[in-house]
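Across the two complexes that follow, subunit A remains constant while its partner is subunit B and subsequently subunit C.
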Partner chain A sequence: MRKTSAGWYMLFVFPLFFIFSTVVLAPFFMGIIYSFVSWDGLPLNPKTFTGFDNYLKMLSDARFVSSSLRTAYFTLISIVAINVLALAFALVATTSLKARNVARTMLFMPYLIGGLILGYIWKFILGDAFKALGEATGLSSIFFNWLIDPNFAVFALVVVTTWQMAGYVMIIYITGIQGIPEEVIEAAEVDGAGFWTKLIRIKFPLIMQSFTICLFLSISSCFKIFDVNLSLTGGGPYNSTEMFAMNIYNEIFSLNNYGYGQSKAIAFFLAAACLTLAQVVITKKKEVEIQ
Partner chain B sequence: MKSSKLVLSKIASMLLGGCMILSGCSGAASPNASENSAAAAAQPDAPKVEATAKIVVFQSKVEIIDQLEAAAKDYLSETGAEVEVRGTTGDDYFQQLKTGLANNQGPAVFSLAPGSEVAQLENYLADLSDLPFASDIAAGMAAVSGGKVVGIPYTVEGFGIVYNKSLLDPSSAASLETFTKMLQDQRAAGINGFGLSQESYFLIGHILNHPFAVMDDMEGYMDKLNKGEVKMAETPEFQEFAKFYEAIRDNSYNPLEVNYDKECGDFATGKTASIHQGNWSYGMFKDYDVAFEMGLMGFPIAGNEKIAVSVPTVWCVNGQASDAEAKAGKDFITWLYTSQTGKRYVTEEFGFIPIVKGMESSSLDPLSAEVSRYAAEGKTIGWATNLYPAGIVDVYLVPAAQKFFTTSMSADEFLIELDAAWAAANGR
Partner chain C sequence: MKKALNAIANVSLIIGCCLYLFPIYIVLVNSFKNRAELYESITALPASFSFEHYARAMEKMVFLDALKNSFLVTVISIAFIVALASMCAWMLARTASKLSNAIFMIFVATMLIPFQTLMMPLMQEMSWAKNTLRLPMTDTIGGLVYMYIGFGSSMAVFLYHGFIKTIPKSLEEAAAIDGCTAFGIFWRIVFPILQPVTVTVAILDVIWIWNDYLLPSLTLISKANRTIPLSTASFFGQFTIQWNMAMAGLMLTITPVIVFYLLAQKHIIKGVASGAVK
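Coming up: the complex of A and B.
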């Protein structure tokens, strides 16, 4: 019996393992090797081994440093915006509201639109439509082309990312809230707990698992943002919205510095891994279980 | 138990479905193959060697992709050799090409921009000096690497100021002062005098060509600039250019809010008197009922009256391809530029300005006719754009231009930004 199940196990795991190792593990380790050379990515052109030069160069690359700091800032604002909104949506969508199913569908829908298309749609809204609105209403201090103002362009990215992600994250919160046993809430109500007390003392601790998942998802996807960045602002105006991933893309594919770009990518991986690991460890500790 | 059976049957049906899809594909492919062999059989006197190598042509010029496919069909019926045309819709042609070449899956024939692209891929290019018409190509137009011809030019293209003849007289915008006055006058009349657009080359890439190209030794200057021996901020041509740029910023719309479509649309409808474009943009005006005559004039920097004319793209043959494939590729290019059918495609269907001796075109659009006229009169300057360091336009020049158009920085400060961009692109 045990033997057959091991066979089945192998059968079903092998395809996935094979694909994972050829498209993720192998390129990853090859990437580490390439990060130590100076090369333009074409096999017939020379590769020169440069040791840790690529990594040292990163520290004095002002554009790279500022784009990574900007990514951290963007991630921070976005995860707050995404999670606060998603939680609020989830709380509304789990009430006995009649339109709750329609609301869930509508809120989830932006997630189904690809990031590139989303970026182009919002480019039109925040650029042309906002400008026209400002001219028509006279409120040109709010309604102007957000995408050519360096400060507002970052917020434009936050708005679009939030709009895209909030519905998805909401679904996870909804599952968490629906998993709370009815009697616990009732008991709290009998004890005289109001809305806020119930929310903070009863619901939050019991949906801590959802927090772990949602924070993880939003941190990693905001930190790695690329498609919306490319189509909405293209890094402009004057690099003020160039995020981590885009900086790496430009280094490798526009400037042909394959080795240097690869070392940036390794740094990017380490930063993303540390950030999400730290978050998972912290929120895991706060999780409680109903005995 | 029941549920596991259900799952199994589901998996089985999925597998079956998959098989059917696969067989469907191969079923669709096979009649095609027999068709080809039938076509080859129908041409008994066609050279047999070519029939063995089916080649892939991958090229970047989106405008001619349908016409090139039609040409490949005619080529098949005339010679029996099969050519598959591939194109791309995005801006990542060069990237896709490099990926293919790096994995030894490159096309037999592909297109490149002369200059830095050819230099980067020189190890991958076959020698084309032995093509029968290589010596008939207009002087200095073929891409050369290490003394060998490696790229056959598509055509020549020219850019400068495309202007509306009923709104603008070239002699009224022939210097910085008159150009600025023209912008102000047009603005007072409710018309935008001169337009750029937000795309990297239309914003800065092309227009920055002029201060380089009006110099006597453009290549020498570029060399020194790359090495950091000269500065744009201290070069009179660039000082004048920055003042032009300032006049444009202060007297016309903000190009960052305008895309290529709108730039051309505004020009075609008479809202803009002139735009910085080339003869390729004529296709954009076809959708409009253009009610005026248009012309092409030089960008009036340092009294310049010449337009920038050069080769945008060249045909290359993959040096890594097998001998049979390389030969088939060369044969196709030769057919395109020497046979009756091929020449008809190049001149009439592609709308190319001829660059090979013995080719003539009677149906040029008005802007291409202007380019042809300037070229015949010798009133042309070169393209520095092909000599720019790789990637500089998108990664470094565009941010500098965006900063210029969104702040009130001065012409001098702008030149300092440009110098910094050049230094960064050269790794300094």
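Coming up: the complex of A and C.
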């Protein structure tokens, strides 16, 4: 084995690790310290150490509690919607139909556009266009401006997030389904397995790993939703669609509670990390390996 | 009979997909309409194609400047991420030591940290660097690029590291015996082999950096530095009621993305799939 000198090691590793440390590591540790102080963000004003007060304050902060619960509710509905749709798309895109590649290309496209722009596109559709449609068809109980009704506005976020993510998650399911060996499917067909039997008994257990990845990706991106939230509803009407990430942003940059807002940001990190780790541990156990 | 059924299935699949992309059709057709036309029917094709709204939206968004800024930020950031992360990952993978392990684990573990956890302290640190150290970290394209390198490093190192472990060392060892330096070995022999990962990293980072809103919104203050998401957001703040002009602005912002997608479609889908599966 070639011996690398310490000099070369430094030259290759140090530049990136230095930048990474100043952009990610230092702010992370500074953030933990900020979460224990009370500060309004003005450099000249004092930062007062308040111990765990910030963390205790969260529990009685009604706006924060409802925004966290809403985020959980939103995440739950969205991951079901995204994964059901994505799996259905993936099953269609792996049939022998000639149009399957064109379909895959088209279904994936929304993912590339980016949350902020998608939010603006749908703001027009779910707002003014829906209202106009309701007036024209008389179905005004379904077609009205969704964005001004608190319950429907959360659902509007689900619709847009699903539209954005389904094509992306589909790609991962496709990779999983294409990885199933032909012989397994053929053997099942010889044994007389129908469409549903093949799907549930053969395909699903063999793409367990894809389920892990897809759930992991959709949970973490839904839980951290910000851009779509900002452009589609802006948290409104009356903060009724403000999600966790936006609550942190508003607490820090609109209400100028830098210390308190940062303690929420640390709680956000802990919640995101726990969700991800728990989910990986649970689904890893269920995976089936082909020998 | 079977042929006919097959044709029907193909056609209905394409129609279904077109319906799925209906929102983009809505944006496109309404960007050409005048106000009366727009409210008469939202789904109808425009009576005439006028590019008037496009011209105005372009001017109001300072679109060409924003396009240039987005392009610069994306390309320079990715060039640095690819170069620095591949070098770093190769050295970490090829030098088995506790230090290498620890550095690698730190990179991987920080992938769990959401941006919102870091944004406030990061901005404090960067304005401190600007005020005390006189480094141009805030409100500059360079400062933004620096932060993207930091945020992009974990995933890039992770992807490169995983790939490097699967390639044999024999070529590198032969080159070392011939007296090649570590730098030469890496750039002449290893980097070309890493090409599939480089494509994956570049694709994933284009999607992320091109569309990113929050980080540039916190660092870039001057109008001249705005990237496309920033100029779209400020444009939308002013012209929400004038939907036809807003739609023209949205068409302008999504056109580069669609062109990029059509040009590099295969690489993008492959890159996204392999990036997610690892």
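FYI, the second predicted complex is superposed on the first by the 272 of 291 C-alpha atoms of A that agree within 3 Å, B and C clash if a C-alpha of one lies under 4 Å from a C-alpha of the other, contacts with A are read in each partner's own complex, and residues count from 1 in each chain.
The definition used in the following text is that a residue touches a chain if its C-beta (ideal position, glycine included) is under 8 Å from a C-beta of that chain, and two chains touch if they have at least 3 such contacts.
Model, not experiment: these values are computed from the prediction.
Subunit A is touched at more residues by one of its partners, and among subunit B and subunit C that partner is C. Of the two partner chains placed by the overlay, only subunit B lies in contact with A:Y238; subunit C stays clear of it. When the two complexes are overlaid on their common chain A, residue A:N250 makes contact with subunit B while staying clear of subunit C.
Of the two partner chains placed around the shared chain by superposition, subunit B is the only one that A:L44 touches, whereas subunit C remains out of contact.
When both complexes are overlaid on chain A, the residue A:I148 reaches subunit B alone and has no touch with subunit C. With both structures placed on the common chain, the touch criterion links A:V190 to neither subunit B nor subunit C. When both complexes are overlaid on chain A, the residue A:L59 reaches neither subunit B nor subunit C. Of the residues of subunit A, those at positions 128 touch subunit B in one of the two structures and subunit C in the other. Those residues of subunit A that touch subunit B in the shared complex are 40-45, 63, 127-128, 131, 145, 148-150, 235-239, 250, 253-256. Subunit C meets subunit A in the complex at residues 6, 9-11, 13-14, 16-18, 20-21, 23-24, 26-27, 30, 39, 42, 84-85, 87-88, 90-92, 94-95, 103, 106-107, 110, 112-122, 124-125, 146-147, 149-151, 153-154, 157, 169, 172-173, 176, 181-183, 186, 207, 210-214, 229, 232-233, 236, 240, 243, 246-247, 250, 253-254, 257-258, 260-261, 265, 268-269, 272-273, 276-277. If you check the complex, the residues on subunit A that touch subunit C are 1-2, 4, 8-9, 11-13, 15-17, 19-20, 22-28, 30-31, 34, 92, 97-100, 102-117, 120-125, 128-129, 132-133, 163, 168, 171-172, 174-175, 213, 217, 224, 226-227, 230-231, 245, 248-249, 252, 258, 261-262, 265-266, 268-269, 272-273, 276-277. Those residues of subunit B whose C-beta lies close enough to touch subunit A in the complex are 92, 95, 98, 101-102, 120-121, 123-124, 254, 256-257, 390-391, 394-395, 398-400, 402-403, 405-406, 424-425.
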